[in-house]
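Should a chain be cited, it is by its letter among A, B, C, D, E, F, G and H, assigned in written order, with residues numbered from 1 in that chain.
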Amino acid sequence: MNPQQLETLLAEVAAGRLEVAAALEQLRHFPTELLSYAQLDHHRTLRQGHPEVVFCEGKSIEQVVTICERLAAASGGFLGTRATAEQARALAARFPDLEWDPVARTVHRAPVRGASRLGTVLVASAGTSDLPVAEEAAVTAAAMGCRVERLIDVGVAGLHRLLNARDLLTLAEVLIVVAGMEGALPSVVGGLVGVPVIAVPTSVGYGAAFNGLAALLAMLNSCAAGITVVNIDNGFGAAMAAVRILTGRKSA
Amino acid sequence: MNPQQLETLLAEVAAGRLEVAAALEQLRHFPTELLSYAQLDHHRTLRQGHPEVVFCEGKSIEQVVTICERLAAASGGFLGTRATAEQARALAARFPDLEWDPVARTVHRAPVRGASRLGTVLVASAGTSDLPVAEEAAVTAAAMGCRVERLIDVGVAGLHRLLNARDLLTLAEVLIVVAGMEGALPSVVGGLVGVPVIAVPTSVGYGAAFNGLAALLAMLNSCAAGITVVNIDNGFGAAMAAVRILTGRKSA
Amino acid sequence: MNPQQLETLLAEVAAGRLEVAAALEQLRHFPTELLSYAQLDHHRTLRQGHPEVVFCEGKSIEQVVTICERLAAASGGFLGTRATAEQARALAARFPDLEWDPVARTVHRAPVRGASRLGTVLVASAGTSDLPVAEEAAVTAAAMGCRVERLIDVGVAGLHRLLNARDLLTLAEVLIVVAGMEGALPSVVGGLVGVPVIAVPTSVGYGAAFNGLAALLAMLNSCAAGITVVNIDNGFGAAMAAVRILTGRKSA
Amino acid sequence: MNPQQLETLLAEVAAGRLEVAAALEQLRHFPTELLSYAQLDHHRTLRQGHPEVVFCEGKSIEQVVTICERLAAASGGFLGTRATAEQARALAARFPDLEWDPVARTVHRAPVRGASRLGTVLVASAGTSDLPVAEEAAVTAAAMGCRVERLIDVGVAGLHRLLNARDLLTLAEVLIVVAGMEGALPSVVGGLVGVPVIAVPTSVGYGAAFNGLAALLAMLNSCAAGITVVNIDNGFGAAMAAVRILTGRKSA
Amino acid sequence: MNPQQLETLLAEVAAGRLEVAAALEQLRHFPTELLSYAQLDHHRTLRQGHPEVVFCEGKSIEQVVTICERLAAASGGFLGTRATAEQARALAARFPDLEWDPVARTVHRAPVRGASRLGTVLVASAGTSDLPVAEEAAVTAAAMGCRVERLIDVGVAGLHRLLNARDLLTLAEVLIVVAGMEGALPSVVGGLVGVPVIAVPTSVGYGAAFNGLAALLAMLNSCAAGITVVNIDNGFGAAMAAVRILTGRKSA
Amino acid sequence: MNPQQLETLLAEVAAGRLEVAAALEQLRHFPTELLSYAQLDHHRTLRQGHPEVVFCEGKSIEQVVTICERLAAASGGFLGTRATAEQARALAARFPDLEWDPVARTVHRAPVRGASRLGTVLVASAGTSDLPVAEEAAVTAAAMGCRVERLIDVGVAGLHRLLNARDLLTLAEVLIVVAGMEGALPSVVGGLVGVPVIAVPTSVGYGAAFNGLAALLAMLNSCAAGITVVNIDNGFGAAMAAVRILTGRKSA
Amino acid sequence: MNPQQLETLLAEVAAGRLEVAAALEQLRHFPTELLSYAQLDHHRTLRQGHPEVVFCEGKSIEQVVTICERLAAASGGFLGTRATAEQARALAARFPDLEWDPVARTVHRAPVRGASRLGTVLVASAGTSDLPVAEEAAVTAAAMGCRVERLIDVGVAGLHRLLNARDLLTLAEVLIVVAGMEGALPSVVGGLVGVPVIAVPTSVGYGAAFNGLAALLAMLNSCAAGITVVNIDNGFGAAMAAVRILTGRKSA
Amino acid sequence: MNPQQLETLLAEVAAGRLEVAAALEQLRHFPTELLSYAQLDHHRTLRQGHPEVVFCEGKSIEQVVTICERLAAASGGFLGTRATAEQARALAARFPDLEWDPVARTVHRAPVRGASRLGTVLVASAGTSDLPVAEEAAVTAAAMGCRVERLIDVGVAGLHRLLNARDLLTLAEVLIVVAGMEGALPSVVGGLVGVPVIAVPTSVGYGAAFNGLAALLAMLNSCAAGITVVNIDNGFGAAMAAVRILTGRKSA
């Protein structure tokens, strides 16, 4: 039940065309339908702003293509993460304007809209093996309307490379900092800047890295105050957190 | 070496009063001193805005009082977290205008300044046992210049209380969501709002809660996209993350 | 807003005393208030059936007494779990008819009502050290209206004691099986009976028992199909699960 | 030795046709044979009600076919879980009336019997990736004689979908709630209904989901009282727990 | 029901003094009573050989004294492990001939019997902090009738001390090897002797010793074939395992 | 340096043909050579009794064949564990009398010797999936000279099958009890017999079985006193522990 | 900016050819450029001493070849670790003088330089399965200019082999000790020698070895004082630690 | 048996005063006595260089005093770690020249000897809470004869403080780097210097620091090559590792 339907119902009651008891019955399911408003509003906002997102991992080629076709029909575009080469090729056959990024493992079809309208996200990564996660974050943020800068291979064991990039660090409104192994980069970056720092641990490393656990724990225990953390390898989630921050900022 | 000193040195060289070799020697330590600029600038910003913060846990009463005296002398105020009653009493004897919050375990002396200048943070907590962590976040955010709202006892097993507070949820610019046990609250909240959600797991619970591990893992794996997480019981860190977000927003 | 209030509102609209727009505004918060119905209904059911429950651990004596006074005023009775001797003494001073069970660590004041109306729960425990958890389950189940039988010290290393009690096992409608250490008892019991078996791991044991982790994992991996598990030391939760089962059964 | 045989033996002794010493010798194995009664009784009950169950994972095609043939000969039907496509194809060649569900990974051949005779189980799942586990539960429960309803894709980040289905939730006698990632769904559902809720964590998720550990811990620590939990991905076990509950209820 | 009672019953039936139906009724609990034979036999063996054992940890002084009094009345003696000084003093007041070993934390009252009758157990320990566990093993083994030798402070970082004791190592029939920290001693000992080696990890150590986990894992992964392991700090269990081995050997 | 060489050296000194200083120099490496005696003695014992053992996992076919050829040349026979079908086929081509057990994953060539000379080991296993580990234990024990009995599919959820086999349980001198999932079988068996029980956890199970961790912890925390444990899936190690026990017993 | 450039800049200022303000601007990035000195110096040292190192795991054949070509062009040589056979073959086609060690999984092309100039490293390993890690350490240390000795198959269960090699142990200046399973070897070695011991846990073992965790914990808890540890399977890291030690020693 | 005794024995044989057989018998225990040489040599070195070390934690005051008296009698001095104030006071009463460091929790009595003879160790620590561990390392290294420098409060979130101290970093021959929380400091330091870096994780932090596990894992996974790690809070072990390095260097 949407607001118009609710207004109609009340008008019916006011006009004596609907009994109070009958109206009461119809309102039984009102709560969830009211909540559906928000959902619909949200969908509208999404359609106007950024594309829908599909997590492709574990889905069949057929499922991915079908879902993307439905999204494209509804809003013009879509973003797929964790896409395999096979999935990407099938989508490209269907959508000639598809952008496939094999490092980020993303497939993206932009809805028709103008240039970036949100602020700048800097995606910094510690090592070359962290790039898939960093790129997933970068592509997602860009698809959502952010301006994206990249800073790669700035692991803390070679501090000068990070310090050389201080201009870039101070320019960004939000930093996404991606690191595996000992996960120290967000702590160092967090001490250099005052803007929001979203730390992304990666499963890069071996042995006692325990598939990203070492980096995750390090980031949660950062001595730089105000760092926040997302799940291991969750570049997508970090980008969405940046979008939450920048969306609010834009309307400020 | 600060910029003025650097300028003087260069002027000395320009004037022929300082040999190039001697200038070179003096510049050997330039890098870290240049970095100290940022540190000093940062300090200046801090002094103008919010008080210095002292982590009181594990410090002697003497240490806490001495540090706070030094901070008060420098900037007028301070904030202490994880303060014991004994530490608070000793500080109150020294600073009659001290604000001590025994639930949040904070001691706060505000520097002379005007009203709140940053946006609104809503601190929502799942159960009454989560209050110390939630209050640490609330007091810290307020001390840093945020407007703070609170929403308590809105655990997901009693969903109507949370839904009753939807106005409050949509009013805030940043949400800090505090929960122990199964840590589900941030996921539900993150599905209801589009603003930044900072999740704080607490060590509340027993048995397989493993001192907050259950809530921490749940929050890192939230199905609501864009939720970020801080360390277990780290109300202070969540508030500082909110400050990073709102500071940027203010200058937007 | 309760149903009466909603009916009144609709009647006001029907009578032309309330504008549709004004009614619409008042209904903005309807969803959660509707949900509150369920909550109120639930409360009513609770009051008629079993007492409210207070988790006393970590609460001050003052808090516990105040909460219990409020509950007693509302419904006549209450149940407190994890109560200390100090909390129990303070409550007994206030409620002369309080039942305090120092092993179960429960305080109970029964509302005025008739005899047990739900089916029979058998609480079986492996060792004497498991008794506090078993008794918490037994007292809670009894307070909620179940008939409760007990079977103690039937660890699997002395199988004959368990087999001697087969009559008791087959008599119960729900079994709560409490064990620490290797946690094998629910698997053996689950093979002997066809009724619901709720397994409760306890933190009894040392070394590689890891505070109940060994028993918890054993119970989750039981080779007896259809065993379910609650948190370590969660006798209360097991009893509430039994109540969920028996309440439904009663109405069947 | 069954009761009739025991009676015969005693009669032989009474008639002087069997020496006391010889009777004593024959009774040496009495205990386990008595226990075999229960086993036989259980088998009889099973045959009349629901099919035997085979865990196909790790078994060869030959083994699976042989076992199923033996079960079919004995009772007419069987249920196989975790069946591969190869195993299913081999069984279908042998049993033309085999029902294979590739999502649930089940193979089922129903014994000749009437319609469902147990109550209604609702299987609710949080995300599409949780479907194999949810379907394993649904197919198993149906094979065991339950009426089964399904509710899919009701993750807590989109609360309105769950609230929209409240009628369905209140209709079921037992709820099986399946979720991976943060595992919050059973806590929310458990707060909405009073009937038994069996929570099934799944290994869906990545990084700090640790193959279902996050969801498992969340469910064990649910703030909704009386939720019980089964092993990760154990849809079969959840269904069997529901059967234990509903079997008892039926006979109430 | 013991064998004599069973024989009597059968004789009663044979003599016509007991109806078959009545005999059948009496035999209803036969199985578990048959199992009780073994239990009774076992008790008899225990009484003749070694004292009953009480785990004193977590029991009140009153409980410990009462249980020991009952055991002393039945069999003349008892062994208590994990006894506190308070428990020991209370027992000593009651049993003047009590042997209390404050390092092993044992209380022992020997039944009247002859000298040791089982073979030799060597209890070897790596460091002085491992002594309480080693002594618990040694006192238990001695109380059970073993001859006990001790070898202390033979950690693997000072190999010569261990090699100096090779005569002692080759003399024992069973070795109990107790070590904390890196838990390497059983591996080295297991390579030097061919007799059974029971490894006991202790919780000695700090940091990444994780309360004995490091030693436990090391012992489970020993490169010396045929080493077996008991729980962390379980000196009692190791002694009982030695008794199982030597009891069998004696009767060989 | 063997004893003969040492004797010769001393005789040389006694005869004045070797200087004290030169003898001293030659004795510098004496310790390890003396230790080599034990090694040689040990080897001799091994050769006379049971075959050498090769852990085939991770070795190339070439390596396995070469090692086995060397062992066969030295002692006539060998035992290989964790052998693949490829390794077994290559060995069978070389040794026509090779015994390959594809379930146990063992390859065995017996040295020329008489019948079994050690006591009886009973290998009991809980489920059919535990058979590879149980068979590895059984084949190894047999190859080492033990008489081996087997008891399969006696999981604790079907207690009557275990109790039916009590004769077999009481006949064995050592029990190897193999179980995955909840690992309860050794606790139940340990309560039924007084002989040594060696518990072998297997990696059978899924989800919270954590590859055998659940069974391992359960066995370490057994409430049956005197149970010892080996590594997960270590059937070989359990057999070698049995051999250590029975070898001693034989010579008693 | 290198020292020459800095000197030039200062000379420009001294000569009046560069304004102070302009010099100040140019010096803005001085810190990181100064840090680049160290980097450049370090590079120079590296080029003169040992080859650059490439971690080949997870890189494409193309990437590996390109990187190695660039390194070879810059310094004449390179070292690659964790190289696959495919990567090695591609490199060998490009560099005919490539040394490929399939056990160590290394590819090495030596720059033109003289013989080893650093001290002696002894790489000792416990079992044959530890060889890949041990060889990675050995090849890396040799490539970096160390003299390398090897000692294999000296696990602690066969102590005599280790003691036989005492000459070798006392000859080395640094010991790298590699072990999986129970990881006891470094503790034993550390008690025999006074030189630096670098312990390398390997992922060799199964079950409760937990992919090297058991060995890692054992080594961290070594009772031999002054042992240090690197990551699981990190032979490369151990060699680099040895190089750090020996480089300093050389210049002493 | 020491060398003199061995020489005497050989002389006796040479002189015909001792039979070869009798000599052979006496040499039976030679190996371990030969090993005792090394032990004695080591003792001699220790006595000449640095004091004996006592781990005081868990020892009674009496035990500590007795052990220290014995050590003082033998070598003039001793070092005690993890000493309580009570232990220190008792020792000070006995040894007026005792040096007690309450932060490092050490008690030290220097043997009569000259100034430091080993190289320079720099002990760097991240936060003030890490000081007890850092001081334990510093006092131990000094007691062993090293020159010790300290660098405190150089956590990575305030990078300028560390960079300001680069002179100090390059001056040391060995670095001990102590950090809790995220444990990032050793990685950053390891990138700045080429000398040996010994990383010490501390248990400083809360929540997901898991008592030092986060820092330990971070250090084991450092992206700076050649960092080695000791146990959590093991300042003593780090100092001993530095002594191993510097002792070798001295003799180079």
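FYI, a residue touches a chain if its C-beta (ideal position, glycine included) is under 8 Å from a C-beta of that chain, and two chains touch if they have at least 3 such contacts.
Remember, predicted model here, so these are calculated numbers, not experimental data.
Note on connectivity: the fewest steps through touching chains from chain C to chain G is 2. Common neighbours of chain A and chain F under the contact rule above are C, D, G, H.
Although chain C and chain E carry the same sequence, what matters here is overlap: shared residue numbers make up under half of all numbers found at their interface. Of all chains, the one whose CA centroid is most distant from that of chain F is B.
Superposing the C-alpha atoms of chain B onto chain C requires a rotation of 90 degrees, rounded to the nearest 5. In this assembly, H is the chain whose CA centroid lies farthest from the centroid of chain D. In summary, the interface at D-F recurs among the listed pairs B-G, B-C or A-C; the equivalent pair, sharing over half of its contacts by residue number, is B-C. Per-chain Cα centroids separate chain D from chain E by 41 Å. Here the spacing of chain B and chain D, counted between their Cα centres, is 50 Å. Centroids of chain D and chain H (each the mean of its C-alpha atoms) stand 60 Å apart. Residues of chain E found to touch two or more other chains are 31-32, 35, 38, 158-159, 163, 192, 207-209, 213, 216, 220-221, 225, 231-232. Chain pairs recorded as touching, per the definition above, are A-B, A-C, A-D, A-G, A-H, B-C, B-D, B-G, B-H, C-D, C-E, C-F, D-E, D-F, E-F, E-G, E-H, F-G, F-H, G-H. Interface residues of chain H facing chain G in the complex, by the touch rule stated above, are 31, 38, 42, 45, 53, 119, 163, 173-174, 192, 194-198, 216, 220-221, 225-232, 236-245, 247-250, 252. Only residues 29, 31-33, 35-36, 38-39, 58, 201, 203, 211-213, 216, 231-234 of chain C touch chain B when the two sit together in their complex.
Contact residues of chain F toward chain D in the complex are 129, 158-160, 163-164, 166, 206-209.
The touching residues of chain F, when paired with chain C in their complex, are 126-127, 155-159, 181-184, 187-188, 190-192, 205, 207-210, 213-215, 217-225.
Partner chain G is touched in their complex by these residues of chain B: 3, 6-7, 10-11, 13-14, 16, 20, 23-24, 27, 30-32, 34-35.
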